[in-house]
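Chain lettering (A, B, C, D and E) follows the sequence in which the chains are written, and residue indices restart at 1 in each chain.
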Amino acid sequence: METEVTRMQAEDYSLFYGQFKALNKINIKIPANRVTAFIGPSGCGKSTFLRSFNRMNDLIPSVTTTGTVYLDGKDVGKQDVVELRRKVGMVFQRPNPFPKSIFDNVAYGPRLHGTKNKSDLAVLVEKSLRRSALWDEVKDDLQKSGMSLSGGQQQRLCIARAIAVNPEVILMDEPASALDPVATLKIEELMNELKNKYTIAIVTHNMQQAGRVSDYTAFMLTDENRSGNLIEFGATKQIFTTPSDSRTEDYISGRFG
Amino acid sequence: METEVTRMQAEDYSLFYGQFKALNKINIKIPANRVTAFIGPSGCGKSTFLRSFNRMNDLIPSVTTTGTVYLDGKDVGKQDVVELRRKVGMVFQRPNPFPKSIFDNVAYGPRLHGTKNKSDLAVLVEKSLRRSALWDEVKDDLQKSGMSLSGGQQQRLCIARAIAVNPEVILMDEPASALDPVATLKIEELMNELKNKYTIAIVTHNMQQAGRVSDYTAFMLTDENRSGNLIEFGATKQIFTTPSDSRTEDYISGRFG
Amino acid sequence: GEQATADGTEAVEEVEISVVGSTTVQPLAELLSEAYEAIHPNVLVTISGGGSSVGVKSAAEQTADIGMASREIKDSEIQDCPEIVIHTIARDGIAIVANPDLDINGLTMEQARDIFAGEITDWSEVGGSAGMIIVAAREEGSGTRSAFEDLVMDESLISETAILQPSNGAIRTTVATTPGCIAFISFGYLDDSTKPVAIDGALPTPENVNAGTYPVVRPLNMVTYGEPTGAVAQWLQFIVGEDGQAIVAAEGYLPI
Amino acid sequence: MTSGTRRTGLEKIMKTVLLISALASVLIVLLIFVFTLKEAMPAFREIGVWKMLSGTTWRPGNGEFGILAMIAGSGLVTLGAIIIGVPLALGTAVFLSEIAPEWIVRVVRPSIELLAGIPSVVYGLFGMVIIVPLVRMIPAPGNAGFGLLSASIVLAVMVLPTIANISEFAIRSVPRGYKEGSLALGATKWETISRVMIPAARPGIISAVVLGLGRALGETIAMIMVIGNSVILPTAMTDNPLSIFLSRARTLTGNIAVEISYATGVHESALFATGVVLFILIMLVNSSARFLLKKGAQ
Amino acid sequence: MNKRMLTQNAAFGMFWLAGIVAVLIMAFVVGYIFVKGFPGISLDFFTTSPRGGLSGDGGIYSTVVTTFYMIVVTLTFATPLGVGAAIYLTEYSANTENKVVRKLVTVARFGVETLAGVPSIVFGLFGYALFVSALNFGFSILSASLAGACLIIPVIIRTTEEALKSVPSGYREGSLALGANRWETTWKVVLPAAFRGISTGILLSAGRIVSETAIFFVTLGGSYRVPHSLMSGGRTMALHVYYLAMETRAFDKAMSTAAVLVGLIIVMNLTINMITSKIAAK
């Protein structure tokens, strides 16, 4: 852990929905080129925290925060939000392709950021779809609507869309929760591949998945005020075998329901 | 198994949503006064099958079926559906109390079926709420809206509502999936108690829960056509320790995601 | 409701008379009914619009006690229902009026015709200061319009580009608010918001009509199915009587 | 058991009663069409359908009953209203759904709903007193203020709430995921609105515009108060082709309302025929909208 | 980057403008009516009926009564039909296997859609031809409210359908699973849960009646007397505004009447908003 490069970091970070404190003084360093998993029971603030990294929570008017989140040492709150979101990509729990063709879905981001040239775009789209392991299944008809794909394919399309803008970090909020086992496996393999190039943070409800896919694991839990706290953070192996907090053990062994 | 009395039974039962075959020739005998758990990955047809017992699928216009489902040896398709549903109660995945008072929620069924007398109703409501372990928490204000209860309380209210019409079978579709650990425990205890009087069939995603609560377990899986098949059925102990099908073992040990 | 009075005199029966038809006659009829009801509190006269044709039809089909028409009853209507009886209650002059800001006082019959036919299009052509003439008229089928066409237009047709409005009141508003506008309206609608225009030197006044110098006149009629009886007859009697005709005159129409 | 049969009996009775009420709307449509058609038949028979539709002169006194001028009038005034009203309405819809702060939405939305509730007479009155004199100030021969432009402006205000409300709803119902997905890729708000939100809301926006179109075609009272009601094929009054909108005109609805009071015989029947034409026109508009929507959905 | 923000600012500027223009129009129309109309409003204005003739004298008492009468009678005709039709279409139609009934339901949906698009003057013509003439009801509240009912039935059907659809299907399933039949489920669970939505729709329809002119212009007759039975003619407030503006020159009175009318509409809208925000709060 000490030898890792930190890509993103939260420092005494608290978040409020109106009066309700959803995150309580979170401190964490997300290492570069690793997969970090966030686990914890429903409502403990995993999604909320993940959305803080690319300031998605700015969209919710009632949200206020204290403390700081950093990307490469710079306060994300002080960066241009449009540029920040290009650097920090996100894949949502429910796949959300645009109602456009597969090609246009992937090309959407690059077009925004200035790639107009047709052949450049074609190259980029193919590369992204290959990386997200979708190319073989869709290469024959890139003009088909993204909405007509199966759930697992849609999710991989969204991953392709996210990596097409060449981000540095990819956030994934339960990317496999809506998927069948086969699609889930594919996405897990994908993450393994992607971490060579990107920093990945995922939220998952599935212990087995966290165990299989992540290098580091963060365990969150709500306190008596229903605020989310970071209970423990460390190498996944250590968390799953010798957790230092008894609540982590309880949760991982399934004693929480 | 051979010594059990069969309450409900499916014989070569297949179900189609339009052209799509969701259930493929299911054969099963649900023993009386036992808890039978249905497990299997998402989309394998557990809910669909459960809803066949009280003909809830009749509400979906595209559904057609072949084969037979029996209650106490009689084809449910030939019974009066209103009376069948009184005998076969159902508790849904998401608690769905009516927007009425707690009292009226529980009294709803009995009133339909002819109990008009006030004091009879009061007695019945109390008895049902006691059985569903909710009485102590709500007895002071039965006029409060059923919607104002917590999720776990709502689920127990729905159970009270179901048992108030004195059914013979209770179907529960993931009754604890929306609940916190404490509420889940209460509902599990309840099932243990209820099985003395009722035959219970539950769907659950939670292996631990199936292990804890059920006497028999049915494992379902989709085949290459995405149709649901019953892979294995037997005493829960045997299924969890010495399954005869390797896929059951894979699933229970979590190798499916 | 009218009840038996305390001193035992017999209660007077309540009657309702329904009157339907021409929107031109409607306001006059309303005033007549108010005056009548003041002396006959047991009578209620309800007056609805609908137009002259509807009036004649309602009387013929007996859906109303009386039909109102602001024009002669057509032969075809009498053929359809020979039983109808026509009661002329007043005559109405049709006045040519112009926007009050215009500096024009009179026209010859010929000039008027050419203006309404759209052949004269600027006021300077008829002696006013330069300015576009805007013609307004009633819609096809209106009694006012057909009377005006008969009496003024001869063979010519009213210009197609004329602003058309479906009532005398709307025409009056249009003339009053539109610079350079000229139109024709029923005498009953004359007031200081518009400027009456003399034709061949005769201003549109009842006196000139009676003297025969202002020629544009039509009858206002009420129609019943068969000879009226009872309350209906009494009310028609009232209208053609002294009191009724006084109201007719006061409203600017010509008594019979 | 008797309670059971009583319950089943009630269920059957209610089912039948409710089915009958559902069919009542069909009955009403049929009745309306049959009745209007029946009254219109003499005109169609005596004048001829084609002659009516293609005729440009309407002189009931002379037995001429062409309604082409009215069809053109209705079409042009609706076109004008759409040109003026749609950008304003869509702009307002986007403003309300995506841009305005919550407190402004809380003021603006009820204001727009209020516009929808104001009786059309009031708009007509307003048009007569305010809009017509304003339009009269445009210098052009024969321009008296009454005409297509005034009518289009009044109509644009009248359809504004319909189009704005439904479009706003359509934009608001675009799944949140689209918006978040786009923003998460580093799109600006405007890029997200123009490239994702509006395309996704297109079916709703189209039906909003079509509904507005229908309302515009059907408006009566406000129209007769400001459009001049002359039966002429509108033509440009100056070199500028846009001056066609300064021309007076008559709408199909206005034709009915203006003349129904005095019409008899064939004339009256011809007015019912106008109603039939209007009815068919609106049904065409609505079904082409449904067709567009279906195509959009594929 | 900069160019993208510039485009955004330009576009947003236009949208702000659109929003502001929309509000200004509203403020201008309503403000104008109120400024011109308020001076003429007094207690007398409400308690005296209009006078006959062309003076435009008098108040609006009888027109308020007629308006009220029209609302009540029209809703009496339209509400059971509209709500009943909506119940059938949402609660029953999906579950009928009968081919004929299914066809009928498709036709009924088409009927509702068509009806919603029919311009009101056509309802007027129809009402005149059928109720006033053929059935001999004459110019009367009866004729006018039957024609008016045709206008608002689609409004009621649509809003009721929306309200019914927004009732969670869990309520229905819960009730059916307890052995209730369709009607019992609808009557005891679905309708109470949809009540607010349905009443909003009915109020909305009442608003349509209040502001409708074209239909009543050819079916109500325009008598300014207080109506005393279904067969009396009458003049609603909206119609009165038309008469005042077009027949008399009592513009000030027309504006006062319009102000009362707009005030009534505002009250109705506020009520609707109150109901719907209560739904949202739930």
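Heads up, the rule we're going with is that a contact is a pair of C-beta atoms (placed from the backbone, for glycine too) under 8 Å apart; a residue touches a chain by one contact, two chains touch by 3 or more.
Note that this is a predicted model, so its numbers are computed, not measured.
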item	value
Contact distance in steps, from chain B to chain E	1
Rotation angle superposing chain A onto its copy chain B by C-alpha atoms, nearest 5 degrees	175
Where chain A and chain C are represented by their mean Cα positions, the distance between them in whole Å	82
Cα-centroid distance, chain C relative to chain E, in whole angstrom	36
Chain D and chain E: spacing of chain centres that average the CA atoms, whole Å	17
Cα-centroid distance, chain B relative to chain C, in whole angstrom	81
Contacts with two or more other chains, residues of chain B listed in rising order	82-83, 112-113
Multi-chain contact residues (two or more partners), chain E	4, 181, 184, 218, 245-246
Two or more partner chains touched - positions in chain C	23, 49-50, 57, 165-166, 170, 173
Complex interface listing, chain B residues touching chain E	54, 56, 58-59, 61, 82-86, 89-90, 92, 94, 96-100, 108-109, 112-113, 158, 161-162, 165
Of chain E, residues touching chain C in the complex	51-54, 133, 136, 138-139, 218, 220-225, 232-233, 245-249
Chain D to chain A touching residues, read off their complex	102, 175, 177-188, 191, 195-196, 199-200
Parts of chain D lying in touch with chain E, wherever the complex brings them together	7-8, 10-11, 14-15, 17-29, 31-32, 35-36, 38-39, 87-88, 90-92, 94-96, 99-100, 104, 107-108, 110-115, 117-126, 128-130, 157, 160, 164, 188-191, 193-194, 214, 217-221, 225, 253, 256-257, 260, 271-272, 275, 278-279, 282-283, 285-286, 290
Residues of chain E defined as touching chain D within the complex	4-5, 7-8, 11-12, 14-19, 21-23, 25-27, 29-30, 32-33, 80-85, 87-89, 92-93, 101, 104-105, 107-108, 110-115, 117-126, 128-130, 134, 150, 153-154, 157, 181-184, 207, 210-214, 217-218, 238-239, 241-242, 245-246, 251, 254-255, 258, 261-262, 265-266, 268-269, 273
